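One chain, chain A, appears in both complexes that follow, with chain B as partner in the first and chain C in the second.
Moving on, here comes the complex of A and B:
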């Protein structure tokens, strides 16, 4: 049995233009700042949230829901930070 | 949607020679104008809009790839061009690496879904190291076009 902490959340894209390049870059940067592996799943497709090229392949539009999962010692913090990004509609202005 | 549906063949730049990001963007928009899919009077506005977008965060997404883009009301469908910059150009990319492969997209403001699907299509192929390596080796418009077509047909993985 693995004792790696795993945290999951459902996030909804409320951006009118969907998860376009700027927010997904913010998302990748946020995910990269944690040691936990971070993935997003849409339908049957799971991608590495630390890689913009992978996130781009989701083509996730407004109103779509994604399953967020982080696994690792800082999984809690990673999920919390990324959920906050979605809830704020990526309003923190970076990058 | 396929790459060859929205990449404009005549606008492909197989050997982009530039010293900086602005020259690269200018070169690509000029190629769209020369191909007849962007009006002369819109050229400067599109370049300015793309540069403004770059100020919000580089579209250099790493692995030597950049996808500069903007919306413009005078295009009625998603259009794009591809450039290969063999010497590489500094794009202030996420990973700091110089960019050799550029996909520049212009989309109508009222079709955000097309823009997302265009990005999805490009990124799906660019995740393939093989596709990227072949693109970096391409030297002519026909070679680039053949690679796009082969990628569309699932011949490159």
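Moving on, here comes the complex of A and C:
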């Protein structure tokens, strides 16, 4: 188990309306394209980033920080892509 | 099992499957599937799921093409939610492990998420819950075909659960199949409440958010006596309620034998027991139980049922129906008893910024400030009065001046009708509700000018004890047994007796069996009650003599506290009639 690559990062929500429906589905879609497990943590709550329904229950608002964690062979790429999504404020638009 | 508490607005108990309205209008026919059918049911779910995804995709395309990309994105997000990988496996697991029907499983799972999302609070999350309800609706529609279960097409008994019901929805309800109501919104005076009472089906309103706790097809108990809704009751609870229901039905059937018996005491003193109604249809509920007439016909619904002020013809038709159905027995029509905020038309606009208070512009005060509205109603009453024994009653009269003004307008309307050559009845008795303590204290002065008194205890208690009926935090102060209330009633009865005027009690107090003896003992020879209470009260009368009732009244008047009065009366009721409902 110890040889599974794990990557972590802190992401900040800068969207004025928080992590609302459109960005969270973008996020889930991005996470789903990697084989690594991807989770987001807020406070004590950890959710599966591939599940939009789970992400919704985070109710993450503007300015909040989340801990991103990916575990698996493509963990690096997954974290990189998701961090980029957050940094671009989910700009690519394709939901 | 989950118990939710709301406001009891129509008594009785109903046990049936839930029909959840508003967030879905589908009824799930079966909750469970046979074990051997599990795989084919899972397959049915999968193809429905795929079809819904396809449907959303084409909506997304349509919206994007016609409205712009950002609108399409809304459906794109819905699609993502529905394709949530664990969502489908969770639903399939319920089908496989618990033999849930796919419709029931999908409904349960989507509602579970909706509830979690709702519990997070806030407007945004509330809207997300709505999205999930929408998905549930799509999935159910797919699986159940286009067979939308309208309220009008029910084939088996249900309990209707809704955020709120519109008057037209309630009007179209099928009484044979709708056994009860429960709504998230509404108060004691909401349309739902009024209608449930009129339809005589158990109802609880003002439950707050609970739709997401219930799936269509789940078993519910509605306890309209205490205001509880029990979701998925356990066997013991069901058993208890079924027993209670059976007992109640037996008693009710036995009491119905009193329908044709004259309402009088054991020693032969006649006490007129009349019914309170809201709708013309309810007259039948009264006559079938042997009512001596309609002691209170509330006319508010005429104003609430549409967005326009009712025309004279609308009033007239309703009054004629009631009067004709009564077959010559008295009908007491109470003029408008609403606040300015509830009146349709331009008047509402004018007063929309006024506080809507129990002490504000309402009832007779409102009628006196909106004469066209008042005159329309009076014209209709006077015209309809030619058909039977009609009496007019003004609500919430506080001063003699108000009563005189109202009577003056009545004469004025008569003059108009006469000038126009329209047929009407001139010698209609005109009385007043005694609901304001000031009016009770001046009952003697009023008695020189009115033809009858009717004591509206609901408001009289509210105003005397300064307790808002809608505020549960002060509900314990609200008691019909408060010594102050008994004293005010006594004042009115005595003022009436001196001049030989009829005095009635028409508030909830008179429908409560434990107060019957004290009211009769104080000298009341008329009461007006909710229709379902008629048989029990008539039966109870036959168990008491006037000296007994007078002794009970005398003792009841000697206590200092409402609690002691009520306890004493409860005890006396048990002695008079061991099976009376307490």
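Basically, the second predicted complex is superposed on the first by the 94 of 95 C-alpha atoms of A that agree within 3 Å, B and C clash if a C-alpha of one lies under 4 Å from a C-alpha of the other, contacts with A are read in each partner's own complex, and residues count from 1 in each chain.
Convention: a residue touches a chain if its C-beta (ideal position, glycine included) is under 8 Å from a C-beta of that chain, and two chains touch if they have at least 3 such contacts.
Predicted model, so just to flag it, every value in this text is computed and none were measured.
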Exercise for the section: For A:20, decide between first (touching chain B), second (touching chain C), both and neither. Expected result: both
Exercise for the section: Tell me which partner A:48 touches in the superposition: chain B (first), chain C (second), both or neither. Expected result: second
Practice task
With the two complexes superposed on chain A, say which partner A:28 touches: chain B (first), chain C (second), both, or neither.
Solution key: both
Practice task
Enumerate the residues of chain A that count as touching chain B in its complex and touching chain C in the other.
Solution key: 17-18, 20-22, 25, 28-29, 51-54, 56-57, 59, 95
Exercise for the section: Give every residue of chain B touching chain A within the complex, in rising order. Expected result: 56-59, 61-63, 65, 67, 69, 94, 112-113, 115-117, 119-120, 122-124, 126-127
Handout entry: Contact footprint of chain A on chain C as seen in their complex
Key = 69, 72-74, 76-77, 80-81, 84-87, 113, 116-117, 120, 122, 124-125, 128, 131
Problem - In the complex, chain A residues that touch chain B - result: 16-22, 25-26, 28-29, 51-54, 56-62, 94-95
Problem - Touching residues on chain A, where the partner in the complex is chain C - result: 17-18, 20-22, 24-25, 28-29, 32, 48, 50-54, 56-57, 59, 93, 95
